[in-house]
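Both complexes below contain chain A, partnered by chain B and then by chain C.
And now, the complex of A and B:
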């Protein structure tokens, strides 16, 4: 455990160095945030039927999405691991008395956390002071907030287990772009990051509920916004745990298989 | 201590023909070529030995090292190192070995060297006291004092290599694999690295397996050589043995002022004006006798007696085995 912790620490301090990147990221996220809000507003104004999620709730999830982007996006990639695989530096990783799945997992977690830690606070702070209904608001009560935190952390585990599968697939494809792009686009849609899940047609909602993707972002954010009741939230936590275990087992087995036939690239 | 028996490894290489049309063709049908990287490799290594593992590029040196360090899985054959099968018990096994790949880096690029060392300490779970002792020893021996707090990206190649070697020894391994540790280093750095390898082998009874293209490395370090070519072991023996086998003759070069007309009973390799180079078979002639005879024929102004360099021997060997 101490091994993973110190690897995590190393990566975290490294990630926190990139201040300019964080600043640029914050600006981009505001741009996207406003764009989504304008689209939703136009949509809500053009219809008289009552939607399953209120505009203000939706806007709250938009700000959470934008500020915690690094925690939830599948396309968020770790170039170090890609390089390890495609250039063959994985040789050194395999000479260490540690579990490869474990080190990569902690690396990915640290990278996402360091990136999110630099960005989330300024975005939420500014969004908080925007006029209603464009503002980001605090959760209704403390229980909601705790449920949000738990589902967010478990969601992060799901995201990382899913990205582990992407990285393992690179042993076969040897390309860092293809796998991430395909997974990224499909995953983003099924996680409700393109169209909010409550606004999707019924059948599509069922599909998203059967797949792991929505449990990474849609679930925690809608809990925060007050769009998901406690009972459903608690059931969903068990679904999250189920996905974490399943994805972990798949990843472990697949990695083992991949390593048996690994070719160290580049002599 | 290290036993390899009948290790074989093939690589499948995807053949891509040049050209756009061929690129489209390969979308449908791909051609592969099978390369025998290792073909029936067998050897034993005892504790405390320094082995020079040599061969031309693509001979299978690195592949062997990777199999021995548990990274690659061979197609067939057995390997027993310290009682482990490297690729099967990888996690338990690699604790006991240190590896340096001269062309790769195990240090974290952006952070000071010392940070990487502390990370390795945690990865290998080295107790703090032992870690400090090792670090002190390595710092003095490899002269790292000034560079431990420098980020890796700002180190010179020689400094980096010394740091890499230290990194591989922090956890007291029993076997050290060095894959081209002197690649790209200048003469002084090479000497430093060699001196260190020799000392550490002597003091810690460390078994060292070294691959290199620099024959001076071999000459300075390895008592035993394993020569590999096209995936096969061609020669396994000590350096003097190798010398004896391939250098039963010495090279005598003489400069002369005048030459008498008398027959020379030795093989002349090269002759220019006032200079002649002869190959002498020392098993048949004694050197003093040869010099005696030569001084009768030539009015000598300078003479040198040389053994053939190890480099030349290796080139001969490569030629002989056609690799």
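And now, the complex of A and C:
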């Protein structure tokens, strides 16, 4: 465990070096956040019926999405791992006396966290001071906030376990670009990142609840915004744990199978 | 022009060498905007209209901007990797060749996988036109074509603008993506659903408005027989002129990095 933790720490400080890139990222995220908000606002102004999520709750989730993008996006790529697989350096990696799944897992976690740490605070801070209804607001009470934190961390575990599956699939396909793109787009949609889940048609909502994707971002963000009640939130935590265990077992078994057959790409 | 076609041919051949990867990427490129359109469809199922525009009208708007974007990405994406040309000093070699630098850079890269995106946007276009029941005439067809062409020109202008900035910054600027990707996302909807400052910026500074809701008003018969709106897309094309002038200025300023 200590090995993984120190590996995680090393990567974290490494990632925190890229400040200019982070600044550009913040600017871009702001733009996207504003754009989504303006579109939703226009939609909400065009109707009189009450929607299952209020505009202001929706805006809060949009800012959370934009600021924590690095934690929730499936397409967030780790080029190092891709290179390991396609260039054949995986051979060295296999010589190390630690478990491959563990190393990769902590690497991916650190990469996502360092990127998110640089970005989330300035975005949320500025968003907080924006005029109503564009502003980001604090949660209703402390319990909501704690539930949000728990589900967010568990959600991060789900995202990484899912992206592990993509990397493992690259042992077979070698080029990850196409599959990451397709998997990323479908996952993003089912996580409610292209259209908020409460605004989807009923059948689609049921499908998203049966798959792991929405438990990564939709769940914590809507808990924060106050759109999900405590009882449902607590049940969802167990669903999250179920998915983490299932995805971990699948990933472990699949990696073992892939490594048995692995052919080192020369060079 | 012949040189450009020659580049096109060579790069198409090389792209087709990795067939599976090419097909997968094209399929991926199909799905990216497809998920956006599906979301749009669901939003309209719930809200029925957005500031008076119906789904099919917005779909037309969406199709125009996405067709324009995929075409310009396919043919003008050479500028995307321009900063690496500057950093490596490769640009010096381009400058000493007796051909236009612009053509050589354009020819350095094509994104053929955008065919997936193009195909998807085309389906949306047919879908929108089929459901809209407009009485078509020649002028409307010309306007629609001009909207797409002008869109390609505007995107190309932004690509050139972004590349020119790297003469000063060396490092590529990601922020320019706000204008390309962001401009595309914004113009999926008619611009007048946004607050005025957004609408004005994307009409008078970056002229997406000229291919977006203004000519759309004409195509959808919302202008009270004012045919002037039909020619607005052509004004948008003028955007390329300042971009090219800026590019010329950039080349004059250029100092090799010497590596």
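Following the convention adopted for this analysis, the second predicted complex is superposed on the first by the 266 of 267 C-alpha atoms of A that agree within 3 Å, B and C clash if a C-alpha of one lies under 4 Å from a C-alpha of the other, contacts with A are read in each partner's own complex, and residues count from 1 in each chain.
Methods note: contacts are C-beta pairs under 8 Å (C-beta built on N, C-alpha and C of every residue); 3 or more make two chains touch, one makes a residue touch a chain.
Not measured: the values here are computed from a predicted model.
Trainee: Does the superposition put A:69 against chain B (first), chain C (second), both, or neither?
Mentor: neither
Trainee: Mind working out whether A:89 is in touch with chain B, chain C, both or neither, as first, second, both or neither?
Mentor: Only chain B is touched by A:89; chain C is not.
Trainee: Examine A:43 and indicate which partner it touches, taking first as chain B and second as chain C; both and neither are also allowed.
Mentor: second
Trainee: In the superposed arrangement, which partner chain does A:195 touch: chain B (first), chain C (second), both, or neither?
Mentor: A:195 contacts chain C only, not chain B.
Trainee: Determine, under the contact definition given at the top, whether A:28 touches first (chain B), second (chain C), both, or neither.
Mentor: In the superposed model, A:28 contacts chain C only, not chain B.
Trainee: Which one hits more chain A residues, chain B or chain C?
Mentor: When the residues of chain A touched by each partner are counted, C comes out ahead.
Trainee: Taking the superposition as given, does A:97 touch the first partner, chain B, the second, chain C, both, or neither?
Mentor: The answer is first: A:97 touches chain B but not chain C.
Trainee: Per the contact definition in the header, classify A:178: touching chain B only (first), chain C only (second), both, or neither.
Mentor: second
Trainee: Which partner chains sit in contact with A:156 here, chain B, chain C, both or neither? Use first/second/both/neither.
Mentor: So A:156 meets neither chain B nor chain C here.
Trainee: Take the contacts of chain A with chain B and those with chain C, and give the residues found in both.
Mentor: Shared contact residues on chain A (touching chain B in one complex, chain C in the other): none at all.
Trainee: Taking the complex as given, what residues does chain A use to touch chain C?
Mentor: Result: residues 21, 24-25, 27-28, 31-32, 35, 38-39, 42-47, 51, 175, 177-179, 181-182, 185-186, 188-189, 194-195, 199-201, 204 of chain A touch chain C.
Trainee: Going by the contact rule at the top, pick out the chain B residues touching chain A in the complex.
Mentor: Chain B reaches chain A through residues 11, 62, 66, 69-73, 90-92, 94-95, 97, 99, 101, 103-106, 108, 110-111, 115, 118-119, 122-125.
Trainee: So in the complex, which bits of chain C are touching chain A?
Mentor: Answer in residue numbers: 18, 20-21, 24-25, 27-29, 31-32, 35-36, 38-39, 42-43, 45-52, 173-175, 177-178, 182, 185-186, 189, 193-195, 198.
Trainee: Can you list the residues on chain A that touch chain B in the complex?
Mentor: Going by the criterion above, the answer is residues 2-3, 5-7, 10, 13-14, 17, 88-89, 91-92, 94-99, 260-264, 266-267.
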